[in-house]
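Two complexes are shown next, each including subunit A; its partner changes from subunit B in the first to subunit C in the second.
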Partner chain A sequence: MFPCTADATATLACTMKTFVRADGPDKVTGSGRYVADLTLTGMLHAKFLYAGVAHGQIDRLDVEAARAIPGVLAVMTTDDVPDHRYSPVIPDRTLFAKNIVRFEGEILAAVAATTPEIAAQALAAIDVAITELPVVNDIEAALADDAPLVHEDWESYDVTGDTIRDRNVATFSAIEKGDIDAALAGAAHVVTSRYVADASHATPIEPRGIVAQWEGDKVTIWTSTQVPYDARDGVCETLGLPANRVRIIVPHLGGGFGGKCGFHFEAHIAALARATKRPVKLVFSREEEFLAPDRRREGMIVDITTGLSADGDIVARKAWVGIDNGAYVADAAFFPQLAAMHVGGPYKIPAVKIDAQLIYTNRQPSGSVRAPTAPQACWAVETHTDELAAAAGLDPVEFRRRNLVRTGDEGIAGQIYDEIGLDQCLDLAVSAMGSPDLPSDEAIGVAIGWWPSFAGPAGAYAKMHGDGTVQVITGAQECGTGAVMTLRDIAADELGVGVEDVQLVYQDTGAAPVGPGATGSQTLLNHGRAVESATQQIAEQLRELAANELEAAASDIVLGDGVASVAGTPAVSVPIADLAATAAGGDLLLGSASAPMPEWPSVSARCVGDQEMASWLAPQFSCHVVRVQLDADTGVARVLDVQAAHDSGTILNPIGATGQIEGGVMMGIGQALSEITQYDEAGKQRNPGLLEYKLQTIADAPTISTQFVEIFTPNAGPRGSKGLAEAPNVATAAAISNALAKLTGGPIRQLPMTPERVWEHLDARRGSDATEVST
Partner chain B sequence: MTLTIATSLDEVLSAMANGARPIAGGTDLVVGARQGKVTLPADLVAIDRVTELATVATNDGTIRIGAGVTHADLLTNDIVVRQLTSIADAAALVGSPATRNVGTIGGNVMNGSPAMDTGAPLMVLGANAALTTPSGTREVALADLWTGPGQTSANADELCTALVLPQPPQSSGSAYVRLEYRRAMEIAVVGAAAAVTLDGDSISSVKVALTAVAPTIIEVDGLNSLVGSPANDKAFEAIAEAARQQARPISDLRASERYRRHTIGVMARRAAHAASVRASGQTIEVPVNRAFGIGENPENIR
Partner chain C sequence: MSTNEQAVTLEVNRVSYAVQVPMGSNLSGVLRNTVGLTGTKEGCDDCECGACMVLLDGQPVNSCSYLAVQAQGRQITTVEGLADGDELHALQRNILEAGGVQCGFCTPGMLMSARALLDRTPNPTDDEIRIGLSGNLCRCTGYAKIIEAVRETAVQL
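Moving on to the complex of A and B:
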């Protein structure tokens, strides 16, 4: 699978067949420290008081009694922090609730006390009166003509970019191409369907923690964030501090899946620490991790109409996508445009009109969870695709082969694709599954998916010490994927030293240059390029030094296995450590670089409400084929086997990449079958805990086989790579849906496809009420 | 707050006489307290080191399962697996390996949850709970022990020392089946246990009990009419119908009343089927849930 050829791009993957994670021993032996493990002298414990109602007017918020409790050192409300609205694109958020609460997890007050118990006592002593307001509980309620407004003063917000809004519609985007009406009118078959996906959660294993400590006018914040620089910028913005006075350090991070992207609670804790002149610590309970962050996977309604030619070519697609934003926009302003791309799908469609709305409700805010909008939209469009194949009288795989985008084709937004491997993904995954003889309770489902690569600014420093060992200082954030750990291998490869000779300094904004963080599959893509460039500068210096030493041209020097040697004459060599020792006496071996920005491809479709999500840099493609078994008596489904094929460009770290695919598939199975955040009539979550929010367990895992279509992709990540970690989370639920549709006589149309929903669907199809009881 | 770590039965009983609550594995008590469902009692007596509570023994036609026997032990204990197979079916489904290694049958029974997994098997096998104080032991039928969700008729100073069961007759078998949305860390949405004794191909006794469809585990009434009929699909369907009729499920976030009422019939049918297969001398591996695969696959019976 990873041929160790002379091809320069293959070398890293070959050396990385044995991947040693630098953070592995810490994590598996328990010696690694997470935020919750940190204790500082004199440290106080913070707790938040939450609204507890989904929509209401604050009539009274009296904290005096709480402040008077011995051991309580601070109680803060919106009156104690700068009056400031924040958030990218649509600044609709404040640190503390101000007059109105818009979801149950909104923070009314924060307490710092000498023990967690006293902090809890203080919360109980806060005198709150809230008059409940009518709750906008879902997408359809929000769009009703007489719907109450989630943000009465939405027009006053100071938005940026091409951001189209209207009352409860927080953002609107559309992709339009060709003459949709004419194309639909001329279609031989027209299929219309509606799909409804419920909200779900990222559910990292570690509930978040924050510790803040001031020294003079500088604050250090240890926090379990995926995005240290966003956290820093949020603190600076909300508390009015310059960037160089806020230092964010992330100890080991216990996962994120997007749930820990964005700026959340660091400013609250920093403010408490400043007010009390003591270090302050916050550790969330599992329930808080479900309720409070601005990060929920968005619920979605997708209405799609597709027109086909008599031969089964897609000629037109018209769709509407409604996305449940929740109470605040967080980072979700781009969701409509991204969802529209997914509802279009990786198909050649000459006429397109896809409207998408991000809709305010009184629920927890939605935000980027691994591949935001994609699993639900892919589930909808790929289930629809099987319906289209049936309408055209074609096999679903054949139908996809006919309509999918290939190298040189034009995508739905009018982007012309360079070399891509979607067709190969489909062929590989389908043939790997083969056509086994299936018992009547099993079926195979196929789906294809896609996902962009995101480039952003990222820098790196590198230094080679006098003994030849290397330090790489990176702004990258390890959220568990191993992507940061892979930076070591890139540095070692560039410098010709062993991986063990490279140490990383990471997750510290005080030390490293900026980076996007563990978000948008950007770590290796961006930081990899920065580390490559920074270490190449040192490699250049080493070659100069070796050229002098060996009396050869610098361009003839090769670095490898700890020595610099002359190309073609390996015996003429000098240890790299000797060169480093020489340099340590004078001209130091230092490198620093920011990753050069790739060029974005152009798009020709009309993009209304453009949030820069229609032009896809280095798009990734995938095909998942699943074998599913169904207990038709109960609706319980089980995924037995998954074949995944992915085009994510060059694969740098095969072990890490395969792990990402397997994890993404498991997450997709959860989304397909069991993960659902349920709400009551009052807009409150009914299952904010791991007993009732059903993640998949390892006992549920099917066999998962992965193949990569490795296409060297210029103008993207290091060595022809693309992004990787979100792409595996796109197509699984859709493939499961298509298998279930075969077993139940038609698509379920609700996500997740829980046992009860599957059974109800079967029961409706049977046309009889099997549970009728004569009492 | 006190915690007495007892190593003998006497120590436990005297601590309880002084008002301490027993704690075995703590997987209900401590977890419930941490979730804020209950407050942790001020005085606790840990019973997990009392070896006399942790044995399974047969004596003169009865089997005594010590209250301190863990689920992990139940599912490997030869007496349980051979003679009280439905209890092993249930124990195998409890939580995860960690839960099974510390959670006990006594804790399961005395916690009194209508969703407890060992409850329905114990009921169909005719178990009594032995409740002990310093002044003696009384035996209580489970139907009289469980009085409501999380409630028992035991007095605060009574320790459950054992579950006492009659040795099942020849040609009998039992099975427990649970509806599960996933394969570990699950809680019964509905479940059913059946114990069947055969006379040739026909039923000479059948008992069925239901999990999580009423305020307590309940036994299905009126199955005596099946005595003498062949143990076939018709009989199993009659059992399913009786289960659907007698279940009093609620709608909650795990399932609707309608879905529970339907699936309790499916579980009862499968439990009766599996118990009959075992009664006939064939083997279905423990737990039935896994042996059947998903659904009810007769190929997995040998």
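Moving on to the complex of A and C:
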């Protein structure tokens, strides 16, 4: 499946046929430490008091009785921290609720006490009175003319960038190309549909934890974050601290999936630790993990109209996307533009007008969960695509082949694509599924998806010790994918030493240069290039040393298998460890580099409210083909088999890469069939627990087969690679939707497609069939 | 407080620990905070995720929802007791080699359920593996490589 080619760019993949992650033994023996496992002498336990109502005016918040409880060392509210609004792009948030609460998980107060039980007593002793205000409970309610404003003061916020706002519309973006009205008027077929997706959750199995400890005017914070530098910057901004006095350390991280991106609760705990002069620890319950973070996967409405030529070419697409932002924008300002790209899809469409709005509601804030906006938008568009194929009288696969983007084509925002492999993904996944004889309760569904690669600043240090072993110090964050672990292999490959000779120092902002963290599938893409550059500096030094030793030109020295040798005459060699010993007595072997920034492609479409999400660096493509079985009596669908084909450029770590596909597909199945966050009339979550919010179990798991279309992609990640971890989460729900549409006589148009919804859909169809028979 | 506490002796991984525990304490909390073995994880406190799975006399139990005082007189096995000294158990080795470990937070519970499964069903079918591990949620792997590791271990043992 992963042929080693003669191409030098593929050598690393050849060495990585086996991959036993360096943090693995720690994780399988139980010796690995996660934040909840940490204990410091004198440590206090923190708990938060939440609003408990979705929208309200705080009339009274009296913490004196709580402060008087023995064992309670601090109770903090907004009065005890700097008065400051934060968040990127739209600073609409404060650490603690101030006068108004805008969602049920908003923090009113934080307590530090000697035991968790005393902390809980203190919460109960806080005297709160909140007058409830009208709740803006969904997208359509927020857009009504007489809708209450979620943020009365929205106009006073100090926003940045090309950010278009209006009342409850937090941001607006549009992509426009060609003459949409003329193109639709001239279309042979026009299909209009609405699709509605509910919110869901990232749901890492580790609930988040934080421990903070001050030493003088410096604080160290151990936290389960995916983005240590964002966490550090948030603490600095909200507490008014310089960057070099806040050190973030992440022990092992128990998954994130976007849910642990962004700055969350580190400042609250640091503030409690400073006030009490004691280490303070917070560990979330599962219910808090559902209710409090600003990283819910957004609900979405997609209204879409597509025009086709008589031959089945897409000639026009007009759409509106409404995104449920919840109460605060967090990192979601770019969601409308990204959703617009996905609603356009990886298709050639000459005329486009897609408007998208991020809409304030009194619900938990939305934020980047694995491939934000994409699974829902892809589900809508790819379900719509099967409807288009039917209108054109074409097979869904043929229809896609006819309209998808290939190398050299112009995409939805007018970007011209370099070499891409979407057509190959479609062919591979479809032929891998084949055309089996299916019983009447099974069907096959197909969907294609895409996702950008994200470049960002990232640095690395490297040092070779006197014994020839290597330390790489990276700002990268391991959230489980193995991408950070793979950095060892890159360093070993550059330096010609064994991977066991390379150790990583990572997840410590006090030691490593800055990096974007485990977000946007960028770990290998950015940190990989930084590690390449830093270790190449040492490799250059080694070649100079070897050239002296072997009386050859430095350019002729080859590093490999622990020795430096002369190209063509491997017998003329010197152990790298000997060179390292020499260097240890003089010019030390040190590397330090910032990843060179790739060039972003240009776009020609009109991008209104541009949030830099229309130009896609090294876009990734995928096709998922699924075989689904439906029990028509109960509405229960089961995915039996998944064929996934992905273009994520060169694959460096095949075991890690297939692990990402399998995990992403499984998450997609959950989003398709079982994962739904439900709200009551008062805007509160009805199912903040794992019994009622259904993740897929091992018993639900289908067989998943993965194929990669390995196209060397320049101007992207190391060795021609692109991003990988989010892409597999894009197309699965869409493919399941298309299979279910075949089994139920038409698309379901609501996500997730729960048994109840499938059954109701079938029942309505049965009713309409009966009507047709009787007339 | 002391009237609510009880002295118990817990046999964990063949070592005896004499500890004082509040009557209402769950086993996972006592293992983690009193005995000092943090390999057992807590993901939900509600028997839903399986991260806290330990073996009691060989049977898998969600230790978050089991009282510590009830464990007196029973053999408790946690993930720390799976390896033989520095020698990894075949399940540990195979789950690593198969790529069945990502974030690792579900791994201790998953391994304990797998150990119990193989103890009672040495040659499980894939369906038996799925049923045996269906009380353990994993968000990272999609489960495929975990199934592969259990299958491989059954062949080896």
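Operating definition for what follows: the second predicted complex is superposed on the first by the 767 of 775 C-alpha atoms of A that agree within 3 Å, B and C clash if a C-alpha of one lies under 4 Å from a C-alpha of the other, contacts with A are read in each partner's own complex, and residues count from 1 in each chain.
By definition in this document, a residue touches a chain if its C-beta (ideal position, glycine included) is under 8 Å from a C-beta of that chain, and two chains touch if they have at least 3 such contacts.
Worth saying up front: this structure is predicted, and the values here are computed from it rather than measured.
J.: Have a look at where A:V531 lands relative to subunit B and subunit C in the superposition and call it first, second, both or neither.
T.: neither
J.: A:Q678 in the overlay: touching subunit B, subunit C, both, or neither? Say first, second, both or neither.
T.: first
J.: Would you check which partner chain A:L691 touches, where first means subunit B only, second means subunit C only, and both and neither mean what they say?
T.: A:L691: touches subunit B and subunit C.
J.: Look at A:P207 in the shared chain and tell me whether it touches subunit B only, subunit C only, both, or neither; answer first, second, both or neither.
T.: second
J.: Which partner chains sit in contact with A:M341 here, subunit B, subunit C, both or neither? Use first/second/both/neither.
T.: After superposition on chain A, A:M341 lies in contact with neither partner.
J.: Which of the two partners, first being subunit B and second being subunit C, lies in contact with A:R638: first, second, both, or neither?
T.: first
J.: Taking the superposition on A as described, I'd like to know which of subunit B and subunit C A:A699 touches: first, second, both or neither.
T.: both
J.: Just checking: does A:L272 make contact with subunit B only, subunit C only, both, or neither of them? Give me first, second, both or neither.
T.: After superposition on chain A, A:L272 lies in contact with neither partner.
J.: On the A-aligned overlay, A:V20 touches which partner chain: subunit B = first, subunit C = second, or both, or neither?
T.: The answer is second: A:V20 touches subunit C but not subunit B.
J.: When both complexes are superposed, which of subunit B and subunit C contacts more residues belonging to subunit A?
T.: Per-residue touch count on subunit A favours C.
J.: Do subunit B and subunit C touch any of the same residues on subunit A, and if so, which?
T.: 689-691, 697-699
J.: Quick check on the complex: what are the subunit B residues that touch subunit A?
T.: Residue list for subunit B touching subunit A: 35, 96, 179-185, 187, 244-245, 253-256, 258-259, 261-263, 265-266, 293-296.
J.: Across the complex, what residues on subunit A touch subunit B?
T.: 441, 629-634, 636-638, 673-674, 678, 686-687, 689-692, 694, 696-700, 754-756, 759-760, 763, 770-771, 773-775
J.: Could you pull out which subunit A residues touch subunit C in their complex?
T.: 18-21, 23-34, 36-37, 39, 203-207, 252-257, 285-286, 479-482, 655-656, 658-659, 661-667, 689-691, 695, 697-699, 701, 703-704
J.: What residues on subunit C touch subunit A, complex-wise?
T.: So the residues of subunit C touching subunit A come out as 32-33, 37-46, 48-49, 51, 78-80, 82-83, 88, 92, 95-99, 101-108, 111, 129-131, 133-147.
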